[in-house]
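Please read through the structure below; I'll follow up with questions.
Order of writing sets the chain letters: A, B and C. Residues in each chain are counted from 1.
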């Protein structure tokens, strides 16, 4: 009896146990508080920035009611409706992805091509893109062995060299054509070709050909219409080819293949419809919106150091986009090559094995070098050794490219490691050579992961400032760059330069708005990375 | 610095083995090993193996796990080259050519000697592209459709997939995937098919289908199959080789002899299940 | 036999064309791997070349022991004020980030449900992804005024009423426009994920058997977390600390924008003045030199000398962290 009573006492919760329980709860709460500390602080600081950039208190109540009625309510209602039904939800996500992605691509393409001059771009594309592809098709027809990858690279490099060498001769010839023809060559033709290739895989050959041809036809029709009305069709060529056609294809496909989720593809249209209704009513009734700083002027005009109401960051945005693009072109192939060597080629033993270990250690240490030191490297390499002029796009992109190289290599290595070895064995067992195995089996599996890693690295580089200050990139520029050899500035540098400006219109207005633009660019790139990764995950399931 | 399919050091005894033509098989052996040893660093995986594998018959290789049977199989098409630490000595000839000769390209060799692995490993491509893979990497561009169809028929898979050739190979069941891997291997018309426990990851019904298929294939191909399933070896093979621990080939004879009247006690112990 | 075996032998020959292309690709790929080594060599050579020129003009002894940094006005190149500025920022940000990061790691690895973890972890990573120039701006424009509203504060350490004792009061002075405190806070926030993610990896890789054993002996979750899991993951946690400190030392934009450009030796008895007033780090000094228009001469070379010093410090910290981590991995192999 006594023993039983004793057991009962020790197993039940006594006051000491209750104290311990309180202690444990407290400890967990402290840990959670610490976890949330940084996140909450950042949210508060972002709140400050958003408050300054948008100035929500300057809008009237009616404006908010209208905003909620036309935009927030319908979109929320639709999202809630879609969330319950998996098919609708996936179609909704897909449609939003298509609209958002196509919009981003369209705008950045138009902005960049417009800055660089469409004639120059079409010239490069003609010799560096179309010519090699045609050559490749010919080689593929005639030659037996499909070792054509090298041909296309050599032809592209050669083509670009020809375009560069004969620039003075070729440029006037290309310049004869109307501007919309250049845009047609830059955007419409690749889109139509892409549609054709995509369609051959998804539908039948005939449908694919018909789709591609009708895409070309529609664009030409709109061009004719615009010319008839006396409007410059350039912008509309880009919008139609890079936005309307891809979105129509995606939504059309959802409509045909996915009857259960069909309704979900209406999601973006609810948003766009609400937006246009909102704008129409706002203008009609003359309702005052918030008097914020994130305006069309900010996005489309160039910098003004004194007058905040006419200051814009268009050249900085273009500079950031162009720099990131060049950086990607430089860092992606080299980073992938490095990762391929380490994962697929490097032996594990002997002298070359030691070399590979050295490389691996070296790369992990490079990732830890402060970014400001890369600025010094860029200074020594591009300005002192290669003699580039100060502050051009190429040296900025090159410097940041070196900075992200280790990140690209490491993420590409992870992507390669995630390809199961059984696939390599299967390919080797079929008598594929090492390169064939990589090209036909390993790379197609690993590329999405590599792209994700590279986009994330680029997203990090787009906010990087210190190395650019060190290589003396101009902090303020009044025109966007018109080539990789022209000088440019980027968004974060403009934010840095504004630190000493005490005018409240800048300090609590333009600069937060510019910071919002930078954060949106970052967000877009991260979303792109997530989209690429999710597509990859779904495929490998 | 670059490991170009490094060729392990081999004492070329090909000249001598080439002339010791086998008399028991009508066509001569397809594969012939003489004093073949493999070491991984300090570990011995195969110990001085002598074997003659006859043409167009099924040869089963059995033995407890870790006995070197897979290593031997991977020597035949030089898949061991992929492991840096593996060192091969002795001679192994395929149709009279020492496959470890300097001038032999392992890539070309593997095109003549196909391989099917333990776990089905189709490429994450369409069924059609999987079967056409070997043809494409060899640069064959004529009659791909017909060859793919033929290979799928031979692998007894065509009926099941004829209207979904564009579907992903990963959507197939395990047994179908393994038959697809066999179709992929025979599409390039190799001389020899190496199979590394091809049915061990499959259910009994799929296993039976694969076994039927192997029996049919032996009319045209030399089949070497590694298995840990002795009943399977007894059911389908013409000849059986027994490897025991330490990479030693203990006995090699007609399947019937091995299972009914083995020469060595250790083999009998293994077959009757006393160990292994 | 010979005709058949000759044919067989023929077909097994190497195809020279294929071998050649294979070799070409292999070389191209090895070349791009080699490029990453060139980057390191380039960094070292670039830094070393200019830094040596600098040290031939200014003796290394006076560089490393000098107490005044005023390159542009006085031509004084004493590193110590910059080291002091860097150290103060690093220590203060570490005071924020190291405990917070470890607590977050402990929460994520031991307490959080899979679902909570799946959105808290990416949310923490965002802290490291925000451009540092935006952090610097936020420190300058939002955090500093926030503290300026509160400070100065005087706290009497000895309660009133005990008159015979001298009135010890703790005075935290008011903040200058550019100050170390706000810079330290943002640097602390941005290195939290560095600590939390690496520490969490270490905590999660502590074998579950250890936890099970401790629970089996009747320990509470608190005991298991603090007395078993954390000690077992010590070397991983230390590595994460070292890496985070190295990141704080190399941080540039936030400290340049928020701290201003007046290098200071530490104020001693009144330590809070160190936080309240402007100072400069090594990285900040590099930015200042680069922003000045005259690129060239001793001042320009001083930037490389600073860069080399910074590079060596962070490199040795990273290597140390890697060694500590490797030891940890060996323990649980």
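Throughout what follows, a contact is a pair of C-beta atoms (placed from the backbone, for glycine too) under 8 Å apart; a residue touches a chain by one contact, two chains touch by 3 or more.
Model, not experiment: these values are computed from the prediction.
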Considering A-C alongside B-C, which chain pair is linked by more C-beta pairs in contact?
-> A-C
With chain centres defined as mean CA positions, report which chain is farthest from subunit A.
-> B
Per the centroid of Cα atoms for each chain, what is the distance between subunit A and subunit B, given in Å?
-> 47
At what distance in angstrom does the C-alpha mean of subunit C lie from that of subunit B?
-> 54
Taking each chain's centre as the mean of its CA atoms, how far is subunit A from subunit C in angstrom?
-> 27
Which residues of subunit A are in contact with two or more other chains?
-> 145, 345-346, 433-434
Would you give the residues of subunit C that are in contact with at least 2 other chains, written as numbers and ranges?
-> 18, 22, 26, 30
Where subunit B touches two or more other chains at once, the residues are 1-2, 107-109, 112
Using the touch rule from the top, collect the residues of subunit A that touch subunit C in their complex.
-> 20, 23-24, 27-28, 30-32, 34-35, 37-39, 41-42, 45, 48-49, 145, 147, 150, 333-338, 340-342, 344-346, 358-359, 361-366, 368-377, 379-381, 384, 402, 405-406, 409, 433-435, 459-460, 462-466, 469-472, 492-493, 495-496, 499, 507-508, 511, 515, 518-519, 522, 526
Residues of subunit C touching subunit A in their complex?
-> 17-18, 21-22, 24-26, 28-33, 35-37, 39-40, 42-43, 45-47, 49-50, 99-100, 103-104, 106-108, 111-112, 120, 123-124, 126-127, 129-134, 136-138, 140-143, 189, 192-193, 196, 220-222, 243, 246-247, 249-253, 257, 283, 286-287, 290-291, 295, 303-304, 307, 310-311, 314-315, 317-319, 322
Would you tell me which residues of subunit B are touching subunit A in their complex?
-> 1-3, 5-6, 77, 79, 82, 84-85, 107-112, 114-115, 117, 119, 121-124, 133-134, 136-139, 141, 181, 184-185, 188
Contact residues on subunit A for subunit B in the complex?
-> 144-146, 345-353, 355, 420, 422-423, 425-434, 436, 440-441, 444-445, 539-540
Spell out the part of subunit B that touches subunit C in their complex, as residue ranges.
-> 1-2, 4, 18, 21, 28, 94-97, 99, 103-105, 107-109, 112
